[in-house]
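These are the structures in question, set out in turn.
Look for chain A in each of the two complexes below; its partner is chain B in the first and chain C in the second.
Right after this comes the complex of A and B.
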């Protein structure tokens, strides 16, 4: 355990240090503009002139204003601390004040995203599992479905996302939950399909032959051999699938003018020029992804222990 | 005969043909392997066409495939300009930069077991994140033109390729490394003659995953601001101005490009890793 934890922490620490170092050159121009407006003397005067001067020279010539870059309200690159504060302000602090479900709380937006992710995941995994069952049992299905399943993943879904939303609103589906779930299902079903085909085919010929000597029917082979044998594969693919479903939901929220959800927070942060909102939404999405994958991991251990497997 | 009946008849007939083909003694030949999915695809298009025509769906909502094909042929010039902007400039340059960067990083950190152990879990985690959300930030950093799109693509493809490269470099087993040692091979020689070739199946795995990501990144980044050309730009404005047939034509381009890109990387893979068990049956 320590063999992994320590290096991971070290690398994370290095990333944070690099991040802090990068903030100074990234923000120096904005910082100097702010300082100039406040009446300070900046060496090349006027932001138009400064545009042609490299950030390193600006930093050397105005070293007393570098620190300002770490406390800007609308930084190009916020510091990790600023992102952390923003995250706390929109989650923990909201809860303390009893406003966890306010429209400005990331918990509310995360919940909206989580719902679509969940429905998309459910739809995607059912489609994936159903497809895998069809493919393992029918040669025609395998020959006609499999190539299209692969091609479907080479089509960038984002191109389809606006169309799915137009279509579903014309059909009379209110809100954005359903189209978002469809997009997330589209991204989610493929890993599940591939993994489950592998899993359902994992029993060895000897095992299949044994069931044949028992005169087991196709359904019995499926129930007593193929399905249990595919469980380890199932959970591995479910972990990939839930991450893909979350990506799908956020992609579905990005280009479509959604107003709630983590993707919408990113979109709104972009439109209103509040980088902190974008960064905190991104980190909230990362935390959500981590929680979902961990949840499935725990579930996997529980199920496999019940089935008598070693984890 | 109405469109619906035609489409349904076609569906039934095609399914029967496919079932016969798959069950026949030719089912392993290459022609049949290609024909069966093609017939299946044609069925879907036929059903789409039939349903749209039968129910009189307005082309503003869902155009029939025939109209999309027509638009595609009529607006090849626009599509070509968009293709250049999004695919050649945005996606491809970002893909190449990200690939080279990830590859070099993998070789660099591979010398240190400490870094590898630290970076692998982080890389795996980041590869599963919705990195595409970083698009608005990068667009505001690098401007509206293709540079910002390439930057988004670099960030999106970097981690999947890195993780696969690092895993691939660990692939050569101790026995093989010992053999190289007995030959007094240097680090570079071992790397080039043994470990890089051994890593190639993994590297290509990452490269294949990255092809789709590259297109997604380039298109999404255009939703956040772009010059007045590009596939993402055309799609987002097309939805607004109700020229849905053009949007579908762009989707067709995206599908063709995505499949072709993936196909080319797969061909390259077959050519480079011809020795790997997963490729042997394919020839």
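Right after this comes the complex of A and C.
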């Protein structure tokens, strides 16, 4: 147990330490501006002049103000502690005050994002699995589907997302829910497709020969061999897929106009110059992704235990 | 020289239903990047109902290929072969044989019972009959009590026995086995050989059995087919005079050693052609 816990904690510790170290240079300019406004003497004087001086020099020349960078109201880079506090303020504290569903609560925005992620994931994995089944079923299908699947992934999603939103409103779809799910599915289906093609093709020739000796039909080969053989691939693939679906949803919430969802929070934080809001929304998204992947991991363990896995 | 009697018998056999495998001038050439590989060349052999036929020869002499041709897993490039009087494909579609592969090849996501039940599920047996048959064949290979275990929980020998049970679960009267005990140690092998003989006596199946081991071939077979490589062909067919009842210590009798000697000579002669 210790052998696992120690490296995990060591890596986590290193990240936190690096983060804290990065806060000083990242925030020094804002800190000096703030201090100057409060009447302190800064070398060199004036924000415009300091723009040409390196952060290292500023830190060396004004070392007494470096600490201020760790307590700014609008930091360029907030400290982990500030992010933690902001997260608590917008989640746990909201719950305590009975305002979990207020527009200021990340629980509300997280829930909006989660819903679209869920529908996008459902749509994306269905498409991915269906595509994989068709592709493994016949060579012709592979030749007609696979190029499109690959081309679809060369189009940057940020370019496509606004178009999907505009086009879906053209055909009379109200709100952001549906286009968000489509964008989410668009990102999610490809890893599922690729992973499942690999999984469905994973049976060895000997395993296929065995079924041939039983004169099994194509559908039976699929049901008794290809499908169960693909299960480990399926779960690996679903974990990648759900993360991609979440990213897709957030991207779908970024184009102007969205007001709810974690993506919208990031955008609004950017527009109003509140990095703390951006960072806490980012962390909320990461935590959400972590929870979803963990959920799938638990499901995988349960299924694989039933299927004779050694876990 | 064949006696007239034997020639008559041979002519008659074509029409008799008790010829299970009839191969005439069978050839199979694999086209590979390094040129053609003559895995089988002009192989002729007749196997009768109830025979226990061993195929023995150095590796690469086409034993597996021959068995796979009988099973319709490989198409011959020349000559003719019938299985139960029809083409191998028809025989396969009629589920005429059970095949035991060199590696047990159990599906890791199925329990032992689940693996044995696999052919029955595919062939659409009724639920109750499946359970009955699985119990019966697992008992036959002495694996009762391991139904709910997964393959990795069993030793290699037990896995191989489960794969034999799987081939026995449905009513094929031919059993094709490709070095089923090749990877097992001597003692386990002896034990499985005994069990296999008992099973053969009980079921009256026709068995084609590939092996590397001379004692194994002599101990088990009513007919020993000696093969040699490049090109793969038959160098000798020995009809065993040993009785059907064979305790393990029959291997120390002069008759046994005499046949073993002839097999060894056949193998050596095969090599001399190189």
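Basically, the second predicted complex is superposed on the first by the 306 of 311 C-alpha atoms of A that agree within 3 Å, B and C clash if a C-alpha of one lies under 4 Å from a C-alpha of the other, contacts with A are read in each partner's own complex, and residues count from 1 in each chain.
In the analysis below, contacts are C-beta pairs under 8 Å (C-beta built on N, C-alpha and C of every residue); 3 or more make two chains touch, one makes a residue touch a chain.
In this text the structure is predicted, and so the values were computed from the model without any measurement.
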Chain B versus chain C, judged by how many residues of chain A each one touches: B
Contacts of A:291 with chain B and chain C, given as first, second, both or neither: neither
Contacts of A:207 with chain B and chain C, given as first, second, both or neither: second
Partner chain in contact with A:225 - chain B first, chain C second, else both or neither: second
Shared chain A contacts, counted only where both chain B and chain C touch the same residue: none
Chain A-facing residues of chain B, complex: 15, 18-19, 21-23, 27, 32-33, 36-37, 39-41, 61-62, 114-115, 117-119, 121-122, 125, 128-130, 132-137, 139-141, 211-212, 215-216, 219-220, 223-224, 231-232, 235-236, 239, 244, 247-248, 250-251, 254-255, 258-259, 261-262
Residue numbers on chain C that touch chain A, as the complex places them: 71-73, 92-93, 95, 97-99, 101, 103, 105, 107-111, 118-119, 121-123, 150-152
Residues of chain A that touch chain C when the two form their complex: 206-207, 209-216, 220, 224-225, 228-229, 231, 307-308, 310
Complex contact set, residues of chain A against chain B: 3-4, 7-12, 15, 76, 139-140, 143-148, 150-151, 153-160, 162-163, 166-167, 170, 240, 243, 246-247, 250-251, 254-255, 262-263, 266-267, 269-270, 275, 278-279, 281-282, 285-286, 289-290, 293
